[in-house]
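Following: one structure in structure tokens, then a few remarks.
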Amino acid sequence: MSIVPRSCRTQARRRTALASGTVIALSLTGCGLGTAGGFAPSGDLGGPLAHVKPLDDATIAVGSKNFTEQLILGKIAVILLKSAGAKVKDYTNIPGSSSARQAQLQGQVQMEWEYTGTAWIAYMGHSNPIDNSIKQWKAVRNQDLKQNQLVWLKPSPENNTYSFAVKQSTAKKYHLKTLGDIKKVPQKARTFCVESEFANRNDGFQPMLKAYGLKLGTSVPRKNIKTLDTGAIYAATNNGLCNFGEVFTTDGRIKALHLKVLTDPKHFFPLYNVAPVLTKKIYDEYPQLKDLFEPVAQAINNKVMINLNAQVDVDGREPVDVANDWLHKKGFIK
Amino acid sequence: MWQFIRDRWQDIAYSSYQHVSLVVQSIILATIIAIAIAVLVTSYRRLEPIANAISAVGLTIPSFALLGLLLPLLGIGAAPSVVLVVFYATLPILRNAVVGLQGVDRDLIESARGMGMGPATTFFRVRLPLAWPVTLAGLRVSTQMSMGVAAIAAYALGPGLGPYIFTGLTQIGGANALNYTLVGTVGIIILALILDAILLLIGRLTTSRGIRV
Amino acid sequence: MSDSATSSQGPDGSVSGAEITLTDVTKRYTRSGKPAVDGLTLNIPAGETVMFVGPSGCGKTTSLKMLNRLIEPTSGTITIDGEDIRSKDVDDLRRGIGYVIQGGSLFPHMSVADNIAVVPGLLKWKKQRIADRVDELLDLVGLEPDRYRDRYPRELSGGQQQRVGVARGLAADPPVLLMDEPFGAVDPITRQRLQDEMMSIQDELRKTIVCVTHDIDEALKLGDRILILQEGAQIAQYDTPDVILAQPAGEFVEDFVGSGSSLKLLTLTRVQELDLATQSTATIGESTKDVIERTRAAGDSSVIVLDQRRRPIEWLWLRELRSDTIPATEDPKLITIDRRATLNDALDSMLVSSHDGVIVTGRRDEYLGVTTFTTVTDHMRATEQAAAEQAAEA
Amino acid sequence: MAELAKTEADAQTRSRPRKPRRVGREDLGMLLGLPTLVIIVFVAWVIWRQTASLDDIEKRQLAWDAIGRLTWQHIKLTVVAAIAVLITAVPAGITLTRPRFRKFAPPVAAFANAGQAAPVIGVIVLLAIWVGFGFWTGVLALGIYAFLPVLRNTIVGLQQVDPSLVEAARGMGLSQLAVLRRVELPLAIPVIMAGVRVALVLLVGTASFGTFINAGGLGALITTGITLFRYPILISGAILIALLALVFDWLGRVLETAATPKGM
């Protein structure tokens, strides 16, 4: 005999109905929603990759940061994996290095191109870089394998380091050649365009200024600093919004806008050789990934990267098309 | 500009479909949640001020900040995007659903119950249909807003036309920066207007002739 | 009236209503305060119309709403047809009780047919049976099924909405019909027609009707019995209208019923008790020449036009007949009264009608005859003389 | 005569019924509740900020002067944009309800509807491309967004004014301008101010996108928090922006209550 008066029982029944309705509703979220990756073509592996064992039953998620070079490298990886028969989840264009790194640490992404210098200082927290690219790579590879079960394949000769670029006219006016010459410029003209990540990293803006005898707030007033998105800095530097623009040395717009890159005599910046990085799980399961990526990595160097970046940033082509054409030209894809 | 679109029409179509799909699914979810909460709020008087306060505070949280908070919890991709859009889509619908349900004439409900309609039947056959026109108005406002909010989902790699805008941002100064941004922005506006027209049509079909204003 | 026998009871007056008994029913809103309904004990015979009447706040509506448990009684028992209403599931209980409130409170988003079909739908009747029932009820309440079935409430007048409300209440042919001030929201003429309609329906269906009103005249006219309530639903008097008028049970009832009981008696006499005068009639399509000859021969100067089902649609002066056959146009403002209407109603209608008499209609608005001013006044004089002689003898 | 008026006024004040409460119970709750909520959360955040062990990146980004500068930029952006909107949207709303211009109202409403769907980030980037980076581009973008609610509420507010009142005023000989100033606007103010409040909250939210085009603002905390995967920075950014939005929402409510004419 239910002691609950009849009206309360209907209330209870109504509440459970509502609750279960919401739960069901929540579960049907996101069906059929892909990611921002969009389309990527595929072909047949050729040339040095012809004998790579197929990856037909593999599902691999490829991630990349959100600036042009990383997009191209990301699409190269996607096309290679698809051509090798793998099912690919396209997570290219992740905003920010650490998020991309975190996505791989959490296993949401299995393959990324990463820079040895960034890993050594930004992720592993070391303060002084190793001045030789192979030694730097080995140090990063060993630590990452031991601590984070990440496998660094052989790095490419390409070294995409941070630096500052100036307009040719500004360079001539103050005879600027190296980062040390910034001190020669009057305080008022020490204007910088940086993106938020660089402004805060340990291999970033403030430590670099200190390395070259400058200090943010005093010798370089805070209001001289403009934070912009990575890509926007080139145009800003070119139209004089700031005299010094933080650049990636392999960006295509440096050549196109005839900007002058200042050298790093004190070797403040570490070496940033790019290398394919795989989670140990996926690598153990498909060791042939090593043969798939390493030949391609060797074929990438600064000159090649600058050309590819320019095609996207200057000519406005889609990174996936640029990557595809390059792979065909090099014969990796037939 | 047209060359730009012709080259990428396949990807634009795919992203547009994804954008609409994200918003529509989120709107459906938001409607169910909003109506469920509205029912609770209208049946328990004292909940109402709390609901109003929450929706007032809710709206003040900037969408960009909320996305930031969702990233660590839900990772990247579709999940944070859906939650983001659903959160903002629910508020206008909830407000209108509450107004709609309160607007239903007390006598009608009493005569419905007096005729032997159980609470659930009364809700689905009397209270909901009568509150529907007002709720639908909230749905339209919410859809328009969600189409805009969904663009930010691109920052978490969510589906839709958002990535076009962010690509335009990263390539400022490049040849196609303007094209990317225009396709992203104008595309979303056009899709929003189409969705609005569809909702108007749905409204006409689902509102009974007796109460169509 | 549709020839097929109505599903409930034929016109032989056998009762289809159910008996309702209330024993010591109390309703207390606050633990301490005076109860809204204090120990009401009452028996409502099956098939009768009982009017709950009293000053506002006397608990009449609360009592009504306890019959279908819209308001749960604090204590006491209520039985319908001998069965305690608390034993059944509340929704099943209400599906067996018609419920009509002021203005009809029709669902605006449903058509007239859908409104009426709600309860039969809940009872899972077959589609065809519901459709027939809807047409039958619309006909019962005097609305042309084909014209009104698919209309929406906002397209109907106040009176029509109220008729659909009654039809909806009767939809599942319930033994009991509860009405809460059903005719409050309409103009006097429409109210009077609706009251007449209600009486002729009750005359046909013999339901148990419990109706709340604040208008004593309405109570006296409609009620087989009248329950006059005081504060806290105390029974001031519960009896037939004649007894209440003749022997009011106390000062409260006397004040409430109002002065001039004899005039009130007038409201009781029904038009059907007078002998109706004849008036020439004509049916649609008849040749005007014959009608004019016949009417002049009978010494009349006007004719009442009837449709195929002998329902009056127009009352024309002879000079208005121009076309060669009787037209089928319907005069919306035609005044007719039901044979059970009171003399009071007849007098009201005559004042408004353009002829010196008023058409009297029987069941389903069928034409019966005409009553004129003189017949009513002669009857009144006769009854007063009879009452005076009776008083002289006593 | 003056004497008579004075005594009559005294009598009137003495017997004047208790002043009807101008602020509904719920509004009162919000007026008092909001500030306390803001203060409590802010204090909690400050305590966390002092005691939390931050790594050098977080120290750099959450430095007090950095936070102060970003917050000030955010406020400046919002206030300047709000003023810009007030001096443009309200007059626009007024003209659109004048008989001569009434026919333009529907197209503007349609434009407003489309505008509402436009993605904030899209508009900001477009403006950055056309107009360039910096504070004023940010203000322009924010202005576009806040323009719509204020315009709509101005129109609705004026349309809600009972036409018979306007007619009565005209009948008494007030000029069209006087009617606007002394009858229509005071009665429309509450609705307009509600629009302003919505606009203020919208502005604070939109200002967080300023960081993409160097317009400053607390948005920088969120972008850094995301790119460098630092929750403390991210959450601080979100909390500060939300608190700022609540403060402006509260400010809007105060303005709304203050601006409501006594009699309403």
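Note that the chains take the letters A, B, C and D in the order they are written out, and that residue 1 is the start of every chain.
One rule holds for everything that comes next: a residue touches a chain if its C-beta (ideal position, glycine included) is under 8 Å from a C-beta of that chain, and two chains touch if they have at least 3 such contacts.
In this text the structure is predicted, and so the values were computed from the model without any measurement.
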| item | value |
| --- | --- |
| Distance-to-centre winner among chains (Cα means, whole assembly as reference) | B |
| Maximum centroid distance from chain A, chain identifier (CA atoms) | C |
| Whole-Å separation of chain centres (CA-atom averages), chain A against chain B | 33 |
| Inter-centroid spacing, chain D versus chain C (mean Cα positions, whole Å) | 60 |
| Chain B and chain D, separation of their C-alpha mean positions in angstrom | 23 |
| Chain centre separation in whole Å, for chain C relative to chain A (CA means) | 85 |
| Multi-partner residues of chain A (at least 2 other chains) | 95, 99, 229, 232 |
| Interface hub residues of chain B, defined as touching at least two other chains | 71, 118, 155, 162, 166, 169, 172, 177 |
| Residues of chain C engaged with two or more neighbouring chains | none |
| Contact set on chain D toward chain A in their complex | 56-57, 60-61, 69, 128, 132-134, 211-214, 220, 223-224, 226-230 |
| Interface residues, chain A side, partner chain D - complex | 95-99, 101-102, 196-197, 199-202, 206, 222, 226-229, 232, 236, 239, 241 |
| Residues of chain B defined as touching chain C within the complex | 105, 107-108, 110-118, 121, 125-126, 129-130, 207-211 |
| Parts of chain A lying in touch with chain B, wherever the complex brings them together | 10, 14-15, 17-18, 21-22, 25-26, 28-39, 66-68, 91, 93-95, 99, 103, 106, 108, 229-232, 234-235, 238, 253, 257, 312-316, 318 |
| Residues of chain C touching chain B in the complex | 68, 70, 91-97, 99, 101-103, 105, 107-111, 118-119, 122, 152-154, 168, 178 |
